[in-house]
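Both complexes shown next keep chain A, but they swap its partner, so chain B is in the first and chain C is in the second.
So, the complex of A and B:
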């Protein structure tokens, strides 16, 4: 994000107030936010937030159909197909990276774990937030676990796992925030922390220290739990569609949907770590410590090699599945062409790129492959949940998202990016604080 | 090691997820209540008067059907909606107009009930499938899963959107009344009774009228069987009824996967725990080896250091000696030269003296 201001900076209010305790805590935070530089990025964020606010108001006063094109034939649109399906798949970097590092012994991925966990945590958090807009009565979301247990439903399992996993991710991620809070020191002048806030921080410190110790001590069990829960719900997102053999196009419908979803989620998660690392590298280079920078290329090569193996396996499984279900003849239809685009363009090609990158030790191949894989996951989840779903209905009854529906998804993604930027700027995510250096 | 680790991840997941395929058959134990009621729609008797639609909206307190009972509605295909529990559509099949009433099929093992994660749907002993709006979260998975595209949603309600569909007039059945549509049908195209008896009637109609009916009772086995049965004089696919649904109930497609979950829960801790401890042990061994190597290196270094020091000392000594020798030599040379010079001077002086 370039820091050049687009509009002239607002004259900063001379601030002696914080120190003199006249400013209220609320005003202090407002000042912190309003004094942000007006870069193009920040202004775009602001505009999207305004859309978010508008959609929120409309959704909860006028109903879902005031903002979306969902209808009786198409009960699930991009809020499920993108925000939930893709959000969860792309957040799979959390469990893949942490289990590679802590359980499978790839210690050199250590510097990739924190960004991956952060992305995963934010991803899942905003999956749940997006669901608040999509489900009819979000205040009843705890019902499946408290009031009436629909244990025969795949969605029950998805909800259960996503709920627990979000908590696990929060715990796994919390040391980042705790280390940050503990490391805040009082400074002078405009940047002074509000005295009341600072007092609270000082009071919190010993507790945070203790909680952090406990959390770090739980790393291994939490990581194992992450893998179990992820296996279950990543695959269950595919299982959701097992119940609709008559509605999902035979090229995409398969008894192995859960396997496909799980395997592709691993590739998606790892690619997302590479992809996001590339972006972060460009924007946040100065926030990375030496370990991170030194390990970055090795991490990319290692993850990329793993990805090429996973994608190759996935490709083979998809082909075998077509053979097993005798779906060959479908390949010569329009849907078949699209299926081939997905399977070759977004699975075979990145798989080969990854393999080439691994052989020639070229990280730029890896980065392109990562971008393609991420796009491919989105294509696949869109296909299963929307494009190939209801394929037998006449085109007038098919679904296409409305503008505001898309804007809500844009808003959700912007929230994630903004939170990520905040965390990367303030918290020890891409670097380690000296006082908390881990010995690995 | 790396490749093996990732392969083990792969095969692990494949094993865990391959199980459901085998376990699938464990599905349908429940196939409806034995004596449940059913409705038969005889398409050969339906004249498209849509009196059933009017009756339905009346008994369910829904807005009256659009355009009343005007036949212009047949211009387009309609489906059920939040305010319309049943619709009659017109089809042009084999050159004649055929009408088909569409409503919830009241499946024996409903997909909607299997899919709902708060059990909002109930298959009642009378055969009807009803919905409890006080439980519904509004995920709409029931609508996704219904093979007949029946449930509709109140998308226009901000705070209390609910699913809406035909109840087979469950409340009226409990009062001993007929479903509204059955009561209103003037031609006897709709017949209500025990499912077993309805099936017998349908079979008899087909047998008694050779050539009049297609020899199939739609709903006897479709999707595990339904409580709304249909017989027709034309192919069912020509009146918008899918013939490719299969006879498996919806639950059979998913119970296998759910059954495999405990395996996943048991499987990962073992594999990952094993991997973790193996790696830990490996690290320990590596550490020990490293320590040993470091000790050896230090030892070697010290020896080499001592040797080097000795060599340096020797060299220094010899250097010093050499320097000394050189100095002595230089001094001698100087002395010799001086002597020579003296002698030469003396000789010259002598010569002068002569």
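So, the complex of A and C:
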């Protein structure tokens, strides 16, 4: 039986406010947005959004050539290399954290699950949005799944997995939004919720309560699905490059690219949880409850220790791969130097930092290691998709992103950060609401 | 210089097997490095019982 928390007195108050307030719902939302404080950060966000809107109009009216340096030699640029490949890898924290907590039984990481799922959901959502800019004709996005099945293509598998996993992540994340919507109460003055919006929320409340209950009941199956789908598409992103042995530099090309992509995504996901938690601690400290604050160091130490083992395994696999392909001589070239920078600077060094942090129980080592690992994943995906790709072409034919391409990626990242800030500020992500605490 | 694919495979596979053996030994050392201090100090794995 759904709860009916509203009293007749409150209903009368809402009706009174509706009579006093003639403002439309649209104007109400516009007022909410325009009443945001004019801080430097908000103004910078606004400028980036304006740029993003301009690039969007140009992309979909003048074509991809007007905003990018892509050509037949380089059909995949920064939008694939950064927005998609880095976005998917860095969003791996969702499945790693939820499987550690719900499948492996490490309940001490419970406070990290909601931020990790939120980051993963936003990451995947904006991966799909960024993909729309690259492929064009967004209305044809469902074609491979509905009209023309490309079952022999790895991209089909990637698209299918990303689509399903985005839905899974949305369902996993939805209790955060539902708890927020259910906890909204009417208040007086400027902060008052619009009567029509409030009325709709009150009407929705019992249904949200039921849906939330079903979603929480589905936690384990959803986590299992998340692990399966992530295993499939994280590795498939590496498989995409198996088709280009002559275009990708031998140091980066390997028959084990799918394994490398999957293993590195685990390290990336865990590091992203630590990195994002560090930033959240600095910027949103006041939004965290006692449990989050008390568990934060333990989460960093536990995840960091796991990450050090994963990075050590990844490092040794890369060395063995060089041995298997007999690529030692390439190490003494310019590309080899860059490969060593990636492997030592962004894999071995963070691995040792994590290990020392785990040994000495120092979280500051781990936080630096997390930042280095996140940077390392970006460097690796850039190398595979751009720097070491088409390495034999003369420099005039090589790809370099245009200013507008870079700005679109900045726009996408700004959208993710803004959405994360909104969720962290409004919704119970870094804290638990008292009325729902016992259900977690 | 490799004259046949067989030569190449024998050489690279032998090297990989050696690397795998080294990796196994190094990995044990690495794991000991991470956990040794816990064992010596008797610190429990459950961080909730720890004082930072």
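Keep in mind that, in the parts below, the second predicted complex is superposed on the first by the 417 of 440 C-alpha atoms of A that agree within 3 Å, B and C clash if a C-alpha of one lies under 4 Å from a C-alpha of the other, contacts with A are read in each partner's own complex, and residues count from 1 in each chain.
What we mean here is this: contacts are C-beta pairs under 8 Å (C-beta built on N, C-alpha and C of every residue); 3 or more make two chains touch, one makes a residue touch a chain.
The model shown is predicted, which means the values in this text are computed figures rather than measured ones.
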{"item": "First (chain B), second (chain C), both or neither touched by A:320", "value": "second"}
{"item": "More chain A residues in contact [chain B versus chain C]", "value": "B"}
{"item": "First (chain B), second (chain C), both or neither touched by A:361", "value": "second"}
{"item": "Chain B versus chain C as contact partner of A:148, first or second or both or neither", "value": "first"}
{"item": "Touching partner for A:379 - first (chain B), second (chain C), both, neither", "value": "neither"}
{"item": "Touched partner set for A:302, first chain B, second chain C, both or neither", "value": "both"}
{"item": "Which of chain B and chain C A:312 touches, first, second, both or neither", "value": "second"}
{"item": "Partner chain in contact with A:84 - chain B first, chain C second, else both or neither", "value": "neither"}
{"item": "Shared chain A contacts, counted only where both chain B and chain C touch the same residue", "value": "302, 305, 309, 313"}
{"item": "Footprint of chain A on chain C - complex, ascending", "value": "8, 11-13, 15-16, 19-20, 23, 26-27, 30-31, 33-34, 36-37, 46-48, 50, 52"}
{"item": "Residue ranges of chain A touching chain B (in the complex, touch as defined)", "value": "59-66, 68, 70-73, 75-76, 99-100, 102-106, 135-138, 140-141, 143-144, 147-157, 159, 220, 223-224, 227-228, 231-232, 235-236, 239-240, 242-247, 255-256, 258-259, 262-263, 266, 302, 305-306, 309-310, 313, 317, 392"}
{"item": "Interface residues, chain A side, partner chain C - complex", "value": "108, 297-298, 301-302, 305, 308-309, 312-313, 316, 319-320, 323-326, 355, 358-361"}
{"item": "Chain A-facing residues of chain B, complex", "value": "1-3, 5-7, 9-10, 13-14, 16-18, 20-21, 24, 79-82, 111, 113-120, 135-141, 143-145, 147, 149, 151-162, 242, 244-246, 250-251, 253-255, 257-258, 261, 264-265, 268-269, 272-273, 275-276, 278-279, 282-283"}
